[in-house]
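Below you'll find the structure I mean.
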Amino acid sequence: MRLFAGCDLTLEASEPCPTVAMLRPRSGLAQWLASESYQFDPPVRPTEYVDTYGNLCQRFEIAPGPMRIRWSAIVETDEFIAVEPNAPATPVSDMPSDVLQFLLQSRYCPSDKMSEQAQQIAGHLPAGYAQVEAIRAWVHQHIAYRYGVSEATTDAMDTLEAGAGVCRDFSHIGISFCRALHIPARMVVGYLYQLDPMDLHAWFEAYIDGRWYTFDATQDQPRGGRIVVAYGRDAADVAFISNYAGLSTKSLTAWVQLDNGQPLF
Amino acid sequence: MRLFAGCDLTLEASEPCPTVAMLRPRSGLAQWLASESYQFDPPVRPTEYVDTYGNLCQRFEIAPGPMRIRWSAIVETDEFIAVEPNAPATPVSDMPSDVLQFLLQSRYCPSDKMSEQAQQIAGHLPAGYAQVEAIRAWVHQHIAYRYGVSEATTDAMDTLEAGAGVCRDFSHIGISFCRALHIPARMVVGYLYQLDPMDLHAWFEAYIDGRWYTFDATQDQPRGGRIVVAYGRDAADVAFISNYAGLSTKSLTAWVQLDNGQPLF
Amino acid sequence: MRLFAGCDLTLEASEPCPTVAMLRPRSGLAQWLASESYQFDPPVRPTEYVDTYGNLCQRFEIAPGPMRIRWSAIVETDEFIAVEPNAPATPVSDMPSDVLQFLLQSRYCPSDKMSEQAQQIAGHLPAGYAQVEAIRAWVHQHIAYRYGVSEATTDAMDTLEAGAGVCRDFSHIGISFCRALHIPARMVVGYLYQLDPMDLHAWFEAYIDGRWYTFDATQDQPRGGRIVVAYGRDAADVAFISNYAGLSTKSLTAWVQLDNGQPLF
Amino acid sequence: MRLFAGCDLTLEASEPCPTVAMLRPRSGLAQWLASESYQFDPPVRPTEYVDTYGNLCQRFEIAPGPMRIRWSAIVETDEFIAVEPNAPATPVSDMPSDVLQFLLQSRYCPSDKMSEQAQQIAGHLPAGYAQVEAIRAWVHQHIAYRYGVSEATTDAMDTLEAGAGVCRDFSHIGISFCRALHIPARMVVGYLYQLDPMDLHAWFEAYIDGRWYTFDATQDQPRGGRIVVAYGRDAADVAFISNYAGLSTKSLTAWVQLDNGQPLF
């Protein structure tokens, strides 16, 4: 399907502020950017680098005062995500080397503390997709979606205790439980068509039967229409904006629409 | 400066044709893509990978029949290129490891056969920028710019013998002489503002005094307004289109204009 | 200086156990391995990959029963580490892109929770080396070196509360405080000559004035004679042995000696 | 099988000479270095980097005068190489992205000039292993193994014309013909057990049916006992010693023996 997605945000710096943005998706196996616009007002000339996860990162400095950033694109992506209830776990010995890092505990996913509960939720199921789906469903049922409960320092254990959080927190729990069962799992941030209310979004992927599958504990059922902006071990790796001096967000609007199918050329 | 550049090409496949395109520049230190469009007709969903030089490569298969590809972008780039007549050569011992590969001979740059002539042209000059500029000027003066003399298999030695060639051939000679003097040099393909006649272009860069400098043996004087699409050891690495079955180019138009400065949002 | 270092460990697997070892240092800027031996009994044929930090990782499966691993090498390394009390902090804008990841919070270094205390300890000092040294000295003075206080899940906040830990815990606090001040810091595991009692060791490095400096909060004063085995964001990244099934350590001996200077050939 | 292999070479520099050595194999899928020694006399402290092919490269400067380098290792490697006469070609569309570079023409493998002859030799055979084996056999039959015919600048076309060459030249022809048929092929340098006369050796690999297969046009039949030191597009990428000032080789001895099976510890 062909989506027109974007975000428009206004930041305000209180002092010169070195900033790293992760707002630009990459064309890859999962999606194709047919057209894209990425504008700054006042204008800056960002540099761009690729981080260790393959994400595109834009570096620039924001001068004191407001900075408006507007990114948008027309993106070809899949209308449906793959669902394979019987897909078996990939044995650790068969995992590609670059997948192994997603077995490790991380800042917001202290999987080393969460083995027992992971076993309770999914230990009795066939190793693989069925376990991850059970984890996803458990999070969907047991954690309430509510703004204002979690903050920047909230990890998966904190959210379990609070019993509520947002997409980021849902993902952290799902990832942690997967890793506790030796299933590689990674954080994804991006856009989801028909997300309600519309916002930048987060979900997770698990490595099963030799490939990555998409899981989203905030949703009732499997849904495609996703645009991936960045992958990481958890939210620490994939902040949309990382700032290294005083910076505040004044406004943020995100959108995802079906593209209206204008002529190509 | 802000340029609107692009190309529109029509290919024709005689059979299903696996294809790799290098048509999309990267936002990096040298340039920033403010907006971009990359369309295929009939539509395909390319995948994209990064090659060992950091270039973006789009893979897709062309079905038998015509395929139109149109890429365009608004790009912020430098109006002037750096010129440092006294910049000294970087000693090999001080070169970053990833620069060393650009000292090696390659398909179209058999620098291992060209040391003697490189010495004659530039051996008497201070090691560094002055040598590369002397090489660039020598090529500009001694090689005629003429279409139809060279073909896909023509290397720098062939062009020296023929005494004529196009931008790609000029670059190959320049690169070869630099490497023969232990100055790293790499091929660049991309766009040049006010190139006459307008076309996709090629030039080279040399690593001097700790950074890359731009040289273009097809031009009278240093000129900015360049958009880099890809880097490589020589033309073998940076073909705009690499095809692995029967494919012919029916038409190709390229353009570079000053952006008309529409409102950002 | 020329050191003969190594370790001899015996593991015992209760079931077939996929394992990743990080026991092999890399020859790099800091050290040179003149000779090396890496043996397994019973024999296995590990494969080796390089992780995203550049560490060498050996993958293999341990059959049920005991596995003895013995690694040793003669390593050229520096007798002294660099000490530059006046080295200024590198502005974030000037940091190389691959250094930025070491500003991020991580599993055992929740620097996002530790800004206030970092400011109290070092906020009044000139930004840079002086701050990191103040942090190092603070940890050395306020945290007791004691085995058995910390365990695998202990993070820097836990150790601050406990007031005691081992080299790994000392490093986590130092790293966290540095990052809280926007100074990149990374975990190092390896060997230290004349460490008492001898063991595998851990310390940290901070990126200051364009390079990495070594800090070790377990020591009274700056000491060289270090062999780096692996770098990471924290202990989650650099476990000597990562196992993905039941595995226990039966014995571990480590040693570092001055090499006796036998004839080279 | 377990081999003890090594080389002992003496170089002589006429001036300070920046040098890159590729003498150290990597432990990987194909082989495991159980022990290794790498010594320089007079002593130097090389740094080491990994090139774009994954090869380990040692950088150092040789002072005027002699330099003796001795590398040796005990290496676990395969006694037999895989032979699959019916393995089908991998379609270009299914090749991993990092394999595509080995389809490109290169300095000593001008495959763009050699399509016609490649078709004559193997075009009538089923695409895949059978074609590469036909190429390998053709080279073995039509090119005489003779020292002194080729030199540093000799490419595959030159060797075809001369009708004679050494292992490096045999490999270049084999690689070129494979690429001309859209079969990825790469140069390998290393050691071969029972090579006669013993020397450093070169052969090639072709990517068929999703993996790399070993081919050696200098041999009568498939033979294992190989230690891979480096991979590249051709000899330009994998010189054992690359020097950037006056340097000559005074002596070189290489050896490969069955390891005598001493106790491991």
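Miscellaneous remarks
Which chain is which? They are A, B, C and D, in the order written, and residues in each are numbered from 1.
By definition in this document, a residue touches a chain if its C-beta (ideal position, glycine included) is under 8 Å from a C-beta of that chain, and two chains touch if they have at least 3 such contacts.
Which chain is which protein? Per UniProt: A, B, C, D = Cysteine protease.
Source: prediction; values computed, not measured.
Chains touching both subunit B and subunit C: A, D. Chains that count as touching both subunit C and subunit D, per the definition above, do not exist in this structure.
Chain centres here are means of the Cα atoms, and by that rule the chain farthest away from subunit D is A. Shared numbers divided by all numbers used gives the overlap of an interface; between subunit A and subunit B this overlap exceeds half, so the copies present the same residues. Separating the CA-averaged centres of subunit A and subunit C is a span of 30 Å. Mean C-alpha position of subunit A lies 36 Å from that of subunit B.
Centre-to-centre separation between subunit A and subunit D, using Cα means, comes to 43 Å.
Chain contacts: subunit A has no residue touching two or more partner chains.
Chain contacts here close into one cycle, and each chain has exactly two touching partners. Pairwise, the chains that touch each other are A-B, A-C, B-D, C-D. Residues 18, 20, 49, 51-52, 57, 59, 61, 91-93, 97-98, 100-101, 103-107, 109-110, 112-113, 152-153, 182, 236-237, 242, 244 of subunit D are the ones that touch subunit B when the two sit in their complex.
Contact residues of subunit B toward subunit A in the complex are 8, 26-29, 32-41, 43, 45-48, 50, 56, 58, 68, 70, 76, 264-265.
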